[in-house]
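Two complexes, one shared chain (chain A), two partners (chain B, chain C).
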Partner chain A sequence: MTTETRGRWERPMWMKAWAAVIVALFAVGAYLGLVWSPPDVNQGNLIRIMYAHVSIAWIGFVAVGFTALFAALFLWRSKRMDDVRAVASAEMALLFSSLTIIGGMTYSRPTLNTFWTWDAKLTLTALMVALLVGYFIVRSLIDDPVRRGRVSAVVAIVVAASLPFNYLAAEWFRTLHPSRSISLDGSGVTMAPEMLMTLLFNTFVAGLVYAWFMVDRVRLGRLEAQLEAERQAHEAVPSTEGGVVRV
Partner chain B sequence: MRRAPGRRGMAGRRALYAILGVGVLGAAGFMIFQALSTSLVYFILPNEYAQNPAQFEDRRIRLGGLVAPQSVLFDDERLQLTFLVTDGIQEYHVRHTGSPPELFKENAGVVIEGTFDASDVFMSDNLLIKHSEVYEAPEDGHIDIEALRESLQ
Partner chain C sequence: MNDLYAVWLVARKDLLQESRSKAVTVATLFFSAVTLVVIAFAIGQDTRLLREAAMGALWVALAFASVISAAQSYQADLEDGAFDALLTTPVPRPAVYLGKLLANWAFMVVLGLVMLPVTIVLYGAEAGPHWPWLIPTIALGTLGFALIAVLYAGLTANLRARESLLPVLMFPVVVPILLAAVRASGALVGIGDLELATGWLLLLAGFDLVYVVLCTAIYHFVVEE
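What follows is the complex of A and B.
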């Protein structure tokens, strides 16, 4: 048992290889963003911050979406692994949305002339980060794995419900944050082709980073869940007197 | 670990929860939308102010518009920036204390914070840039005024 568990703690070889590929692609993305792509007619070289900011924001949205998807699956069929996957995705969602705000502030100070303002888009993003923090606070307060999974799943779904508002905030409300440059309904892209290509490549790399950490965190989460189940089975030892003794 | 009601009872309860959940989320979403669209109007346009100036009297407001061409004057000794802000219908004189931000120029979108004085000059102490979602390389560099104007709506 012990040796088997220790063996499973090891990160598989293919994941190490995948990490190396991601680092190489990240370097290519940085080259595209910092050197190859042209400066913007208005912003000059400041446009280069956009490739990091927007790609991270998009993958943060994807991470929130997957969190809610696995959370909903957990509510539906109560499979422990769905909760493990939801947590893994939620951690990445919190990381990516925090980085979105940090990158956004970096970008907005020189271009929009302020670090922060409470317009609809920024407010919704701040709310998203706050709710994701709440997700982990709620989890830390509940011991029963099933209840913990259910309560936090509801939080995850609420976060996901804010996504369409956030995504379309600049279209629906007057904001300082610029509108989308890429319309998913096919009505056009208001971005030079080289810029679009750079943004999409960096988004692809950010997606790979997300996927890598998802796989790794789910691997660890599976072990955590096994450990927790074993510990609880061990703690609840039936005593000779007929009651339950907590060890 | 969990109670085991009959198969049909469980499915029925699940469906009920699902319907309730969707209902609650829908209501919450609608209320968020209402709150954001009514109380979070981030800035008003010059013509909206002109329609009802009394409504904004003695109140700090955010005014959004474009910097009118050939209207910009900057006194770099007193750090006084003056320009005309316009939405294509109405324009107002703006006096801003501070230096112009890097992306400030004619036809740029701006959001200014401050108050109107007695002679309808907007006294601004915070000048923000609202740039459009159009990004292009300088080689084929013209600025699409219509797209800029659109971005202010």
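What follows is the complex of A and C.
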């Protein structure tokens, strides 16, 4: 391996710095959530789970939105990098929604005395995990990169479009009546300013974590695409040594 | 050639093919009936419980039947490269999708209307005064199933493990359809609550509308060679 190729593999300096900033901000967020913010009137210290849980859940939905956005871009202009970005975001969406389910179960065991409730948002997240797993299964079954990108982009768009309906259905399912008004902000629960501030700060940090992994995964995806193209070039023309094909 | 006429031709081709082979008819009819019986056995002999579960069982049976119907409609086309030949004709891709959708939907509505009285008898449910509303419920619910099933069946048609893949992909997307259809028909049988059912029917209609537009628009990415 030459120095030139090794340089390509390495994570750039600014990303390492960014990671250090995230770790520091994460510590601040943990301090705000665990020490600085007041305990809840009803739930006491259990409310502190909420800061991690809700911020991760929000970013998980943002990640699904970005997946569908990049998928649509891929269908529109057929650039391989859009597919790489869509996958990167989908992987983060799967991670964040899985964490949301774990967080939700941790949260509902002491507060509601059960691991699983058919709560609208929890049900929606569980469906989202199932939808994202389907997305990755489809990807794993197609070898041709162009067809894989196109087919999985279709799946991603259908998934994103189904989320509002899944939300409505899950919400109405729980209340048993469809005429209830819908509020996406936690059913108008009033929150102390310190609590809201802590939640927003933790969401901001979770967003930074998402963005960091997104950038890093796209970097890896670009390398994967290059490697695949180089390998194909070698197989097609075995005589040309070290022929590098850029994508 | 008019595009709407092309839609009709594709639908007619699928329905004609089915009327001659009867492969899907036999499979889905008996499959749905067996599903209904199996669920009834699983629930047990409690008549009240059976009556309450009736509409849920009906829609589970219809959901599985829609998977079989959509998968089969591509299976027959893929043999001898008939589907490729269809794509080389000057028929726009959306017309192919809408044609297949129309054929599948028509088939599913008939199946639903056959299975509805079977369910009512088998589970001891009462039709009640609002029973005519069950017909639009079946129409809207099966349209929702067919929309997703036909799109995803085209997507999985030449993949490995397509038999298990199609329901895995489709069911999480149609959860709102299943839920709304079960709730709406549950509110319509027995004494009935028309107001409650209308809310769910509107959700069904909204879902169908959004997905007709979306699936028709992105279908050509699925079948493009």
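List of remarks:
The working rule: the second predicted complex is superposed on the first by the 201 of 247 C-alpha atoms of A that agree within 3 Å, B and C clash if a C-alpha of one lies under 4 Å from a C-alpha of the other, contacts with A are read in each partner's own complex, and residues count from 1 in each chain.
Simple rule for what comes next: contacts are C-beta pairs under 8 Å (C-beta built on N, C-alpha and C of every residue); 3 or more make two chains touch, one makes a residue touch a chain.
Values in this document were obtained by computation on a predicted structure and should not be read as measured data.
Looking at the shared chain after the overlay, A:I101 reaches neither chain B nor chain C. Set against each other, chain B and chain C touch different numbers of residues in chain A, with B touching more. In the superposed model, A:L168 lies in contact with chain C only, and not with chain B. Residue contacts after overlaying the shared chain place A:I157 against chain B and chain C alike. Touch criterion not met for A:A68: it reaches neither chain B nor chain C.
Within the superposed three-chain model, A:L141 lies in touch with chain C and out of touch with chain B [touch as defined at top].
Of the two partner chains placed around the shared chain by superposition, neither chain B nor chain C is touched by A:M214. In the superposition on chain A, A:L131 makes contact with chain C only, not with chain B.
Touch criterion not met for A:I56: it reaches neither chain B nor chain C. The intersection of chain A residues touching chain B with those touching chain C, taken from the two complexes, comprises 75, 157-158, 161-162, 165, 169, 172-173, 178-179. Across the complex, chain B meets chain A through its residues 1-2, 14, 17, 21, 25, 28-29, 32-33, 36-37, 40-43, 64, 101-104, 108, 111, 126-139, 141, 143, 147, 151. Only residues 148, 151-152, 155-156, 159-161, 165, 168-169, 171-173, 175-176, 179-180, 183, 196, 199-200, 202-203, 206-207, 210-211, 214-215, 218, 221-222, 224 of chain C touch chain A when the two sit together in their complex.
By the touch criterion stated above, chain A contacts chain C in their complex at residues 75, 127, 130-131, 133-134, 137-138, 141-142, 150-151, 153-155, 157-159, 161-162, 165-166, 168-169, 172-173, 177-179. Within the complex formed with chain B, the chain A residues making contact are 38-43, 46-47, 50, 75-76, 78, 110-114, 117-120, 123-124, 146, 157-158, 161-162, 165, 169-170, 172-176, 178-181, 190-192, 194-195.
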